[in-house]
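So that you can tell them apart, the chains are marked A, B, C and D in the order they are listed, and the count of residues begins at 1 in each.
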Amino acid sequence: MLQLRKSLYRILEISAGKRRGISFIFNLVLISIITLNAIAIVLHTVPEYNQRFARLFYDFELFSVIFFTIEYILRLWVCVENDKYRHWFWGRVRYMVSGSALIDFLAIFPFYFSLFATDLAIVRILRLFRIFRLFRISRYSHAFRLIQSVVAEKKEELVLSTILVIFMLIIVSSVMYYVEHPAQPDKFSSIPATMWWGVSAMTTVGYGDIHPITPLGKLLGGIAAIMGIGLFALPTGILVSGFNEHIRVQKKPKITYCPHCGKEISASPN
Amino acid sequence: MLQLRKSLYRILEISAGKRRGISFIFNLVLISIITLNAIAIVLHTVPEYNQRFARLFYDFELFSVIFFTIEYILRLWVCVENDKYRHWFWGRVRYMVSGSALIDFLAIFPFYFSLFATDLAIVRILRLFRIFRLFRISRYSHAFRLIQSVVAEKKEELVLSTILVIFMLIIVSSVMYYVEHPAQPDKFSSIPATMWWGVSAMTTVGYGDIHPITPLGKLLGGIAAIMGIGLFALPTGILVSGFNEHIRVQKKPKITYCPHCGKEISASPN
Amino acid sequence: MLQLRKSLYRILEISAGKRRGISFIFNLVLISIITLNAIAIVLHTVPEYNQRFARLFYDFELFSVIFFTIEYILRLWVCVENDKYRHWFWGRVRYMVSGSALIDFLAIFPFYFSLFATDLAIVRILRLFRIFRLFRISRYSHAFRLIQSVVAEKKEELVLSTILVIFMLIIVSSVMYYVEHPAQPDKFSSIPATMWWGVSAMTTVGYGDIHPITPLGKLLGGIAAIMGIGLFALPTGILVSGFNEHIRVQKKPKITYCPHCGKEISASPN
Amino acid sequence: MLQLRKSLYRILEISAGKRRGISFIFNLVLISIITLNAIAIVLHTVPEYNQRFARLFYDFELFSVIFFTIEYILRLWVCVENDKYRHWFWGRVRYMVSGSALIDFLAIFPFYFSLFATDLAIVRILRLFRIFRLFRISRYSHAFRLIQSVVAEKKEELVLSTILVIFMLIIVSSVMYYVEHPAQPDKFSSIPATMWWGVSAMTTVGYGDIHPITPLGKLLGGIAAIMGIGLFALPTGILVSGFNEHIRVQKKPKITYCPHCGKEISASPN
């Protein structure tokens, strides 16, 4: 029994068994099912497909939920093999509240809940939750983890850039509201309404449903658009320096020789 | 009395008392009030909220102004504790004209002025000035200062990029005016009017309210859009190199010792 | 005969004969013909040009195909001079399935096929294939190969960024569909339809034919646009670090000699 | 006389006399006149200003031309002080065909030519040429020269990126034409017409006057928009690495010591 648990753990956790036999095949199957799920969720909303393949969609949903449920239970059973969750009870509880287990749970929970839900609105929202299954894929790529760690390292600067964007958005929109409201009281009706223009101008989306018409408003709109260029530059600068630092850290420690005695020194990595 | 001033100075200036007790709590309260102010200013312009919560908006405004006024007076009283503003009179005057004190003043001044203003237009503009309260938050983040110092270091290049953008904008718009004016005399009515198209094309916003229709105009519009890509690249390049320099400067010069003979090795700077 | 084959090989392969005499002139002629071909393909679809210059377009097409066919046959004949394709039969087969030879083949094949094709739809599509001739130019630039190798080195990260974009696109569009569908059932009719909005919002194109109108939808649209800024930053960061690494690799390891004692100093790599 | 020429040379060429007295003031006056010229050219096209200030515009134009003509003649006279143009006749001729002197000439020539031109269309175009006066400012900034030299160093890569953009534009537009032409024969009427869509999609401008409506066209449009993100990343990557190289070159040569004999080695700059 314990032997079986150990084997299962190796199969379920790709980092434990590297690209070998069953574990690799299992993960391929898992990724395929998740991808098919995403496609099903997207196509499910197209009326003609929904009518024609209603049965297929339902069956595939049922199959997916059963598959994911069994997988979830097995993962819960074998997680104690991991040193982080060694205790038979508290280890499993701690595993259940870990990020990846929560995503796994959110991917199956809506189905079971919707069986008991009578309110259609809630069922609709729960159906949306199935999209969380997509996040499960992110665990399987090395490069994804690189990007993730760069983003994590630069979290403070990126959050700040976002706050800065919101700051500038509020200020630009407030000024624009006072400038353009008298000319277009129906479009620039309030600061929150003007912020919809602001976000579309500063991110250079420019839907065209709302734009200034007064000369002063156009001048301000132009300045906002040019400021928007800077907004693109800031997160790029932050991420680039993040990537550069990461690459430098990854490099092997260089071996130098002491100029005094000539012996080898394993230099401290930069 | 002097002891009280010293304590107050420590509370008001977060850099003096680092994340400890009262000072930290006071700054948290301050940031909360400023954030609530921004929300109030934004929501205040939505007609339905303005009618429903008119009383609340007014009371909160009154409370904020009183709070900020007391804070301003206290800061003015204790600023002489700072070595930069030591003189009891001139030090305080110099503090009053410093950047941060001016922002603090602009955040409360409009309220008092509007009490005496009879012209509604001026009152409206003064109300806009309250948005300056938002700038006060910027003082409290480490990462904000990093971004600020990178921008400050690269100020000349960034100003120049902006001038370059304006240059290209004038040239592109002038040429476009002569090309497109005969075909669309109402839309491309003058060079300033064409600049509204120019800024929307080169920053890739593209509202769609004005665009060339002649083949030559479309060719020029295409070239302007591709040139716009370069405009994004320039400030990004400048900021990235700014971030890189900053990171390199922050690193301490490493002095290592040979583990075999114990002598110091002045590692070559990276 | 073998001597002729050797000379021809030198002429056809620019890397073998560097910017000298006939080889250089031949390549210039080749690039000119390819460029003229691209112009012809583009202008061919303009009705007025097509009518007026129908004869010229046909003659030029005929000339191009004959020229490219002779060139293809010659390349096939001389390719055995290359060590990679030395065998008289299998070498030529392997050359035929190499990337560049396939592009050469795709540039002439549609013409011959269309002689026998009776279905007009297929002839139309085949005509499109002629655009592949453009790819042939890419072989002749040094800087193009630099960009190509940077992109190739960072392939995994770039593919991943693209997958990430598609992920975010699916998630944002799914949520938007549930938010905006009740308000605009004709525009946000299904998730795939909403993805057209999503791609236009996140890449900041913003055509304006479809955009949210509910407050919640606008909020989500604003978040999507700001997230789009990050999407621009990610591939930029990856490519920049790719360029930096490449430049660093290109630099030779510098060996310097002490000017006083003449001994070699192995300078620490930067 | 020669002494006067020498003094004048120092005044006219800011690089010769660094920010001192008359030279600095003269350059300030020059930049002011150029800036006022740009403003005049732009405002001149606004009908109401043109009518009201017709006299002022004409007088200022006359004054500017006289000022620039005198300046041009003086520069021509003193240019022989520069070692590059020492010969009294050929030196001046070579100066006249140098980039900066040509721009100076183009800034005044249209006025004199328009005195003799009878064709109004030519006069209109010549008027446009006055915008060249703006380029004269670019000579006076240090940071501008930094940007200029980075762009010049990376010229080949940047030209290539532009060619790549045009390549992708042609290919995407050709495919889009064959996809969307049957559905919207009036909008996607030919490949050149489709290229207007293409450039607006790939540079993420998105005017909205032309966009695909078929599912396949929308898919292709989405791919083009995502590819457009990469187009932004490429020139940014190139410029960033250009800036980084430049900064590294500027750094002072580091002084190291030979580990063998201990003497100082002025290390070769990186």
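Note that in this section contacts are C-beta pairs under 8 Å (C-beta built on N, C-alpha and C of every residue); 3 or more make two chains touch, one makes a residue touch a chain.
Keep in mind that this is a model prediction, so the values were computed, not measured.
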*Angle of rotation relating subunit B to subunit D [CA atoms, steps of 5 degrees]*: 90
*Could you work out which pair in A-D, B-D or B-C copies the interface of C-D, where over half of the contact pairs coincide by residue number?*
B-D
*How far is the middle of subunit A from the middle of subunit B, if each middle is the mean of its Cα atoms, in Å?*
29
*asked:* From the mean C-alpha coordinate of subunit B to that of subunit C, what's the distance rounded to whole Å?
replied: 42
*asked:* By the touch rule stated above, which residues of subunit A touch at least two different other chains?
replied: 192, 195, 200, 204-208, 232, 236, 238, 240, 244, 259
*In their shared complex, at which residues does subunit D touch subunit B?*
38, 41-47, 124-125, 128, 131, 134, 137-138, 141-144, 146-147, 150, 158, 162, 165, 192, 195-196, 199-200, 203-209, 231-232, 235-236, 238-240, 242-244, 247, 254, 256
*Please name which positions on subunit A make contact with subunit B in the complex.*
156-157, 160-161, 164, 167, 170-171, 173-175, 177-178, 189-193, 195, 200-201, 204-208, 211, 215, 218, 221-222, 225-226, 228-230, 232-234, 236-238, 240-241, 244-245, 258-261, 263, 265, 267-268, 270
*Partner subunit A, residues of subunit D touching it in the complex*: 204-208, 236, 240, 259-260
